[in-house]
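The structure that follows is given in the form of structure tokens.
To keep things simple, chains are lettered A, B, C, D and E as they appear, and every chain counts its residues starting from 1.
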Amino acid sequence: MALLCLIAVLGGPYLTDIATEAMIYTVMAVGISIFMANSGIVSFGHVTFALVGAYASAWQTCCAGMRGVFMPGLPQFLLDSKTPVLLAALVASLLASVVALVSGAAIMRLTGAAASIALLSLLFIVKTIYENWDSVTAGQSSLVGLPLYVDMWTAFGFASAAIVIAQVYNASSFGLLLRATREDEAAARASGVNIWRQRLIAFVISAFVTGAGGVLYGHYLGTLAVNVFWLDMTFVTLAMVVVGGMRSLTGAVVGAFAVTGLRQTLLALERGVDLGGVSISLPSGAQEIALAVILLLILTFRPQGLVGDNEMTWFGGARDSS
Amino acid sequence: MSELNTEAISVQFQGLRALDSVDLSLKEGEILGLLGPNGAGKTTLVNVISGFQRPTEGTVRVDGKSVGGLTPDALARCGVARTFQSVRLFRRLSVLENVEISALCHAKSRNEARSTARRALEFVGLGPVARRLAGELPYADERRVGIARALALRPRFLLLDEPAAGMTDSECRDLVEIVRQLPQSFGCAVLLIEHNIGLVMEVCNRLHVLNGGRTLADGPVETVRNNPDVIAAYLGGA
Amino acid sequence: ADDEVLIGAPTSFSGWMAAFDTSPTRAAEIAVDDINAKGGLLGKKVRLVHIDTKTDPAETSKAAQALVRQGAKMIMTACDFDSGAPAALVAQAASVIAISSCGADMKYGNMTIGNDVFTMATDAEATGRTIADWGAKKKGWKTAYVLTDTFIEYDKSLCRGFLSRWKELNGDQSIVLEDSFKNADVSVASQISRYKDLGKPADAMIICSVPPGLASAIRQFRSAGVEIPILEGTGGDGSAWHSAVPGLSNFYYLNYSADAGVTEPRPDAEAFFKAYEKKYNERPGSGQGITGYSVVQAWAKAVERAGSFDTDKVRGEMEKFTDEPLLAGLTTFTPKLHTNVNRPMLIISVMDSKPVPLGYYDIRKGDFVTWW
Amino acid sequence: MNIVQLLVDAASLGSQYALVALGIGLVFGVMRMINFAHGDLIMIGAYALVVPTAADLAAPLIGAWPFPLLIAGILCVVTLVALATERFAFRALRKRGADGSTLLISSFAVSYLIQSLVLFIHTGRPKSVSIFGALTQQVTIHGVRVGLVDIVTIIVTILLLLGLSLYLRRSRAGIEIRAAAEDFTMARMLGVRADRAIALAFGLSGILAAAVSLLYVAKTGVLDFRMGVPLAIAGFVGTVIGGMGSLPGAVLGGFSLGAASMLLQALLPAELRPARDAFVYGLVIVVLLFRPQGLFVTGNAGERI
Amino acid sequence: MLLSVDSLQVRYGKAPAIHELSLCVSAGEIVCLVGPNGAGKSTCMLAIAGVVEPAHGDIQFEGRSIRGLPPETIARAGISLVPEGRRIFGRLTVRENLVVASGAQGGVGQAKAQFDRVLALFPVLQERYNGYAGQLSGGEQQQLAIARALICKPKLLLVDEPSLGLAPLFADRVFQTLRSLREDGTTLLVVEQSARRALALADRTYLLRSGRLILDGPSNVLAADPEFEHAYFGGARRP
């Protein structure tokens, strides 16, 4: 990944942007993957945590003098707070974890499709609340003026941290116990595994990382709108996890880069490229069609994802599997 | 002296009485054979004891204390371990990990769990395949992993549901050795469900026979074996 | 090149925003053509660079950055605050003038992002006030039923403006019922019942929404026998959705100019439509497209008056606009307000599916006006 | 407010969701596949009514045909698209042993593809078309207004539910579909042409989607390339809370979801109405917590231990 | 020769599960495959049924090669497999499980006689006729799996461990049934773990180990063969 960053630096600002974006998505995909890869539950709800994280960071850092105008309902200490951005990111991610803890305490009792739908419901609920809680979220309209501190290296730092967290979790006994529940719930229970507890632990950790992804997203764009954290983002991040390999952390990272890269390549094609003086450009809207077709092809030929169940080791402490 | 009892356990599935007032006791150090024709309710009884099935009536007691409300995982931590008739391995995890998971239940560290798991695997003779994926094993080996997994829980009561299914005669003989050693080596009582009568006769101290959800006979091996009801309902000419 | 001045349009030609951004962007192209045909701006040719932002905020931000790096002197932002804000932020940070085409959110106009950001739109609340003023004064309607689509910020503001003006004119009791729905709601049966439970029809109702929700709601209200006049802001724009309500009648909305199928009273606007039709083989689907023309037009006027492309000077000139006759209508900016709150708007009535323009209504005069 | 009217209003959304949930319940409940593209089949069916053009004003195409032809035409189009998605997107995946989540993501991709294609051809501007004008009428019975289209929707849903249930339970082809969905290879080992069985199921889901297209458009009159997504979500939620694997459960679940949403819309105080969905989905979670297997499932077809 | 398998090789990934296996079954015979755990017996059955693709070798049925044919074609040609692990359709009722199998016969009507027969043979299936198959006990499921294969009325019936999980009384009954099937002209290839039962059932027996053929011959000969004793029971369970 560092290598990709270097290439991006050499490749000029355009590539830097793409690398930054890919790494922001990496943080989110890794966050989702911590839960999904180990529990086997497809989460339609993780974008909730990106939403919570992004807004929580905005509450602490947004909009310079305009904070009271956008979010008059904030408590005084937040209106006055001058939290440093990184501390704010940490606090925001922790808030996402708290939301996960509270909601997960109930939802993690569920399994399979019921859990997926409950997670989707969580997203609906939180989104609807944020959309209508005008006094602290500006409702449906955007917040603008988040400090723009996310450049490629910040994103790289966050992505690395996310990967380390995921690695440590995966290698821990918690990760192993959760994978057992993924393979066979009844047998896991017979082996003394408290499924609810293991899921909840992973859920809280993954919410923390996904929340950090949301924070990055907000501070990369400088604006926040609730409806960005919705189905499109859910699909994109899920697609990254699955295209990479849904049971593997490496898969999440590869998926984030592959999907972002693919999308940007097609976008560049659509905007036109010069090939030996001949300018080729695809018609508007062709990018989306091509992206869908290529994703389908990848899935068809590699249904287990690009890396399958394999795990590459970066930082040691690799997963002990086969 | 620890003991596991079921008291008047009944289980009703819509219109079907799978268990009807079954009293069974399993005492420290013994190997109890649970026999009965197909559909007699043996697996259902194991499900009840291990917390997977809530009985319609009756209680399960461990050392005299009711464990009725406990979940399967809590029971497992209290020393009631089981294997499954349909094996149910964690197929995409390695054999070692399969066993390590239950070892983690009592282990203080990851390393301790791993060495407990290794010992359990050696005990059932699967040391050499510890690193393979559980889903790739042949059928009979899967059953042995299941036993190792239950053993790694350091159980006081071990419920084995047809451990010998799919094993050849010689493998059965190895299994006899393994099961025989359990009470001494692991200090646990064993409840053994098995249709391989030879094996049952060799290892069990006592037999409990179910038929149609009711207790048909309960007592020392020789008495039960010669019980005409048991012969008619279950053993046939065998 | 040195003889060229660059302006940028990071707007969407795909994704759902394409429906709102396409015609303003094309209109801007025509404005550029017009300027270049007259010899350019301060002796330079104007070039518009469009980057498709795919209805994606991240793409919007990146596109704006690319345009700023290429040296764009003005950035035209999307017809919606949420979509356009990332670009406006980038422009503001680089001290480049950013003008939205038809983004009618007050946040485009009240220095939320900064003082280099303008919008050609008429503010949503002001639009609501205008239609209320017209209905109360010209039609003499006294009571109104207000139905808000809570899914879109614009619609909430529109109804807010309507409510305040209506109450000013007819008193607090004149609003017989306020209710809400969401654009994607399949059924508005309970809203219909709540209205019908009043027992007495209101003189008029306003539905602050946009298609498809708007069309679906009107279809269901009309099916249920609710025949009272229905008012709408610019959301009623474009006749494409009329076929959802066979024989649509008694429907009134307002707009910047005539949309397809409506005769435009203003000759300069009509000339623009002709040019547009010539270049793109169709009339702009929406009456809001014309704001895109005025984005370039306004900026070019200010540049000419300032005699410079310098951001501060251009901004200064734009802030002096008072009823400036642009294609988008009479336009006024002040150093405090970069959006329009008093602009006359074209009121259009639909009877038997046939839209007829009633004229430009000026809320300041309480009457129709002509300025051309 | 009239209680009966309230319930009838609730049924007007409930009936639409019930019909969607029937289609989703078939693919999801019977085949254990979350086919997100089902919503887009509905969307395709709606767009097939009008001439494909980038122009804003859409002229009716199939929508202008006489009544029986119109229905047949839409059924054909949607069924063909459904079959095509099965053939080109899902079949190879199933052959390679992809698991549920991979199929889910590929259905996202299909959904995205269909939407992009429609967007490409029709542009994103919402279009509209009026079909079955007669159905838009309302009848008043004892002072209670009932939309004809709602009555028709309920009747169609019940008929399709009965037909489909009988087909899946009684006919061999139906049983083969369920067998192939559960264990593809085993079904083949018993001589079942499993590919055909699965394709047949997709064909059926296409017919159900087409029914929604027609009734949905008859009710609302509008086309939007994103219209399928909320419908698909409502269908899934309905299926899951109703009870997976049970078609009547799915239909009742869909109906309950729609009715609950409408009742909340009618009964919540005005300030809370915009946050209606938070309440609806809060209820969904509560229902799932208390009845994870679904509201309307009595027998338990699940695997035992 | 009804079935002949010629130097068959099957791999899972890179590791071969069967090397160069040749065997044949003539019409009307009962042939058993025996061998220790992991010998490749189940793999061989799956290869014949067309579920796993052989890497090498040929499989001929009634003189035509069936290698590479899809499983449903092979099933319709008259080969039916009771697989290891039963694989009944748990979400279908007992009746529906049987109906699925009747497809190769042309439907329930055509298979009427088979239905009556298997229901008489396994009374519990009659009792639970409209119950979900997934809720049957292990042994009941095994009975259903066998019943399902019988419905197909195959020319060649492949059974992987028929007695798995069956109570002794029923195991005896199943073996009797298998014998009686031969009377009706069905040919059988059976994998059986218990050497005693296998030798009693089969005309000929093949002994496999580690994917290779070790011994084969008529059952009565093998039964007396000390080498069989040694090859099967002798040697450590695992290297």
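Here are a few things to note about the model shown:
As a convention for this text, a contact is a pair of C-beta atoms (placed from the backbone, for glycine too) under 8 Å apart; a residue touches a chain by one contact, two chains touch by 3 or more.
This one's a predicted model, so the numbers in the text were calculated from it and none came from an experiment.
Minimum number of contact steps separating chain D from chain E: 1. Put simply, the chain farthest from chain D by mean CA position is B. Rounded to whole angstrom units, the spacing between the C-alpha centres of chain A and chain D is 30. Chain C and chain E have centres, each the mean of its CA atoms, that are 75 Å apart.
If you average the Cα atoms of chain B and of chain D, the two centres end up 46 Å apart.
For chain E, the set of residues touching two or more other chains reads 135. Looking at chain A, one finds that residues 132, 186, 285, 288 touch two or more other chains.
Residue positions of chain B touching 2 or more other chains, listed in rising order: 43, 52, 84.
Of all possible chain pairs, the ones that touch are A-B, A-C, A-D, B-D, B-E, C-D, D-E. Chain A makes touch with chain B in their complex at residues 172-173, 176-177, 179-180, 183-184, 186-195, 247, 309, 320-322. Those residues of chain A that touch chain C in the shared complex are 13-14, 17, 21, 66, 69-70, 132, 139-142, 144-145, 148, 220-223, 225, 227-228, 267, 270-271, 284-285, 287-288.
Taken together, the chain D residues at the contact with chain A in this complex read 28, 34, 88-89, 92-93, 96-102, 104-106, 108-110, 112-113, 115-117, 119-120, 229, 233, 236-237, 240-241, 244, 274-278, 280-282, 284-285, 288-289, 292-293, 305.
Those residues of chain D that touch chain E in the complex are listed here as 172, 175-176, 178-179, 182-183, 185-194, 245, 299-304. Interface of chain D with chain B (complex): residues 299, 305.
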